[in-house]
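One chain, chain A, appears in both complexes that follow, with chain B as partner in the first and chain C in the second.
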Partner chain A sequence: MILVTNTHKDALIAGIQVKEANLTVSDGFKNEMTALIDQDNKYIVVDFEQVIYVDSSFLGALVSALKYAIANKAEIVVAGLNKDVSGLFQLIRLDKAFKIYVSAAEAADNKAQ
Partner chain B sequence: MPGTVSKKYVFNNNADGMYPLVLTIIEDLGQINEHTAFKVKMILVELITNSLKHSGQGDTTIAITASGNIITIKKTDTGNGLAVRCGNNLLEWPLPGKHHAGKIITVYNDSSAVLKAKLHNNCMLLFFIEETEETDPIDINSLAEHFGLMIITRACDKFEYGFDIDTCTNSFTVSLTV
Partner chain C sequence: MPVSKKILLVDDNPFVLEMMGRALSKEGFYCMKAISATAAMEILTQERPDIILSDYHMPDIDGFAFRQSLIATPEFKDIPFMFLTSEVDNDVMLEGINLEAVDYILKDTPLPVVVSKVNNFLNTVREQHERTLKELSVAAMALNLHSVPQKLPVINGFGVDFWHKSFQNYPGGDFIDFITIDERCTFVVLGDVMGKKWGAWYFSFGFLSYIRAAVRICISEGNFSTKNILQKINAVVYHDPVVNDVLSSLSLLMIDTNKSTITYSGAGDLPLLYYNNAGESLEQVKSSGMLLGLMPNGDFDEITLKLKKGDSLYIFTDGIIDFEGGEGKKTDYNTFTQAIEPYLNKPFADFKNSVFIKEKTAAHIDDCSLIYLQKTS
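Up next, the complex of A and B:
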């Protein structure tokens, strides 16, 4: 299990439980995200607070999940990025594809508004 | 400035060892600024990830040199050649035929950029990026799902791939200015 979920207001917060978000967990992450979307969650906050780095495989899985979410009229946002992860999102322009929040709570509050 | 550094590291293609090795290399580079450290870290993670995906049982060697304001990272492995698609064709190394020098191929593209490569010959190429005009809102469905080469190319000043015919060795050479 890579994600631990809980609901906060109208949002589902999916907290990544691994420190190293790399190719060893990317397939599992994608499968778990797909299952959450299939369960009709419409606003999913992927919380990176525990993550120290991500690699391209994990980002590919995240983008794949985003495409699946959009096809199912759901939204994925990200929160809790450390400086390196945030820098990586900017480096490859993924900051244009995802809404980024400082914390999962802030992301959930945004949905509630 | 990192001073003068020349070190080699062997990675045994065990995923658990990836991040500790990255941190060791950053530490060995000594005094580099935060922005450079970030770029070196991203480059190393992707080079090592490439080995984990493609190099099978063989070891991966990473050589770091720093001199003046230039840091060079060279990764070599004996795994499968770099998988690069040109149109619908998967390139195999060495590339067949002649007259490759100067030819430019598109590796992949999405709504924000096109990753291209210029061939030096049938065994070596240089990656570069052409930015595309951003659409607003961004077309999510056009986004690539393979970012490794893009990350390295964006994080450095020069990124070359070479395939040694005699030893069947892949080499990835990345340089960046501090």
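Up next, the complex of A and C:
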């Protein structure tokens, strides 16, 4: 299990449990995200709180999950990015594809409003 | 290929774990130890071993149940697995072997023999792997499938060079191409299919084919806009079920030797670095486009740079800005900027021989590609 999930208000918070989000875990992550979308979760917060490094394989899996979510009328947002990961999201314009929140709680609150 | 010897030991007896760990560490193994199947599963989510050596008799979840749960998990299924146990019942041993375990070692086997068995197995796997890799490389070469150019184009008034290093020497997701239209126009392509090794490499050809086709079609229609070309590629990739699940970044540049200009459009790529020779300044050139295939409208733009003699451009993929530090891996654009600064007025060959590039070559973090363009006259 790469993700640990819990619900907070109307959001499903999916916390990534690895420090290095890389090729080793990207397929597993994508499968778990696909399953969460298939379970009809419509607002998923991917929480990067524990992640210190993300490689392009993992970002590919995240973006692929986003495309699957959009096709299923679900929304994926991200939270808890550290400075480096947040910088990478901006450098490659992933901040246009994902809403980014400081914390999972803030992301969940935003959904509740 | 580096010889990896990472082993996960699973035993409910801390003494056995410690003893086996010491014996294997002495032989150059990196040992991870788990006191239960549950602890082993937690370790596996963080790190992938080359082999698992597990006890059979364990409370709660025994070795067989642990093996079955691994088989049921696609990402762990193919990690080689050996039983190390005191169980001598033939039926039980047979059941263990039937669970796709590669060996069944009795605990009273002398430690040097256990170490040899593990070593021999990993060597066999590695040799087989290298043979397969070689065969695939030979086949790819025979088909003339190169994801980086075999020679540099000659462009009037411009110098071009590149440096490319694949992840652990596997062909990977980065691709580079120079498409010469005529004496006036040359397109420069740098892409990065998200992923590593062979999977990404295969897809890189799909993307490169689309890009070559889109460039040629647009040119034949008299359309030289890099933005329009990216829009065409994005529309195809977005709707093609074969590649729409694979994402790629792309930097597309067109050199116009008559006007001494470079037009640039990017899709989810890193900002380029532009060196203004007269002003001795280094600045980022940012495009607005999103990754290819991500959205039906990629929000692409087009930037035109007028280059003067001595001005240069650096175009690169994310492997160039990934670093392994004391606190683990990190992504840092500025570290690369600082590394390139002392070489801005020197030949690119000097940078290719720099400590930075030597460390990149040794680090094996990701595919790395860097293209260098300079206005020479």
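Definition applied: the second predicted complex is superposed on the first by the 113 of 113 C-alpha atoms of A that agree within 3 Å, B and C clash if a C-alpha of one lies under 4 Å from a C-alpha of the other, contacts with A are read in each partner's own complex, and residues count from 1 in each chain.
Basically, a residue touches a chain if its C-beta (ideal position, glycine included) is under 8 Å from a C-beta of that chain, and two chains touch if they have at least 3 such contacts.
Nothing here was measured: the structure is a model prediction, and the numbers come from that model.
With both structures placed on the common chain, the touch criterion links A:27 to chain C but leaves chain B unconnected. In the superposition on chain A, A:13 contacts neither chain B nor chain C. After overlaying the two complexes on the shared chain, residue contacts for A:78 are found with neither chain B nor chain C.
In the overlay built on the shared chain, the residue A:2 is in contact with chain C alone; chain B does not reach it.
Of the two partner chains placed by the overlay, chain B and chain C both lie in contact with A:57. By the touch criterion defined above, A:97 reaches both chain B and chain C.
Between chain B and chain C, it is C that contacts the larger number of residues in chain A.
Across the two superposed structures, the residue set of chain A contacted by chain B and also by chain C is 20, 22-24, 52-53, 55-57, 59-60, 63-64, 66-67, 84, 87-88, 91-93, 96-97. Touching chain A in their complex are the following residues of chain C: 45-48, 74-75, 173, 192, 194-197, 200, 244-247, 249, 268-271, 288-291, 294-295, 299, 318, 322, 327-333, 365-366.
Chain contact summary for the complex, chain A toward chain B: residues 20, 22-24, 52-53, 55-57, 59-61, 63-64, 66-67, 70, 83-84, 87-88, 91-93, 96-97.
Chain A makes touch with chain C in their complex at residues 1-2, 17-20, 22-28, 31, 52-57, 59-60, 63-64, 66-67, 84-85, 87-88, 91-94, 96-97.
The residues of chain B lying in touch with chain A in their complex are 15, 18-19, 38, 41-42, 45-46, 49, 52-53, 112-113, 134, 138, 140-141, 143-148, 150-151, 154-155.
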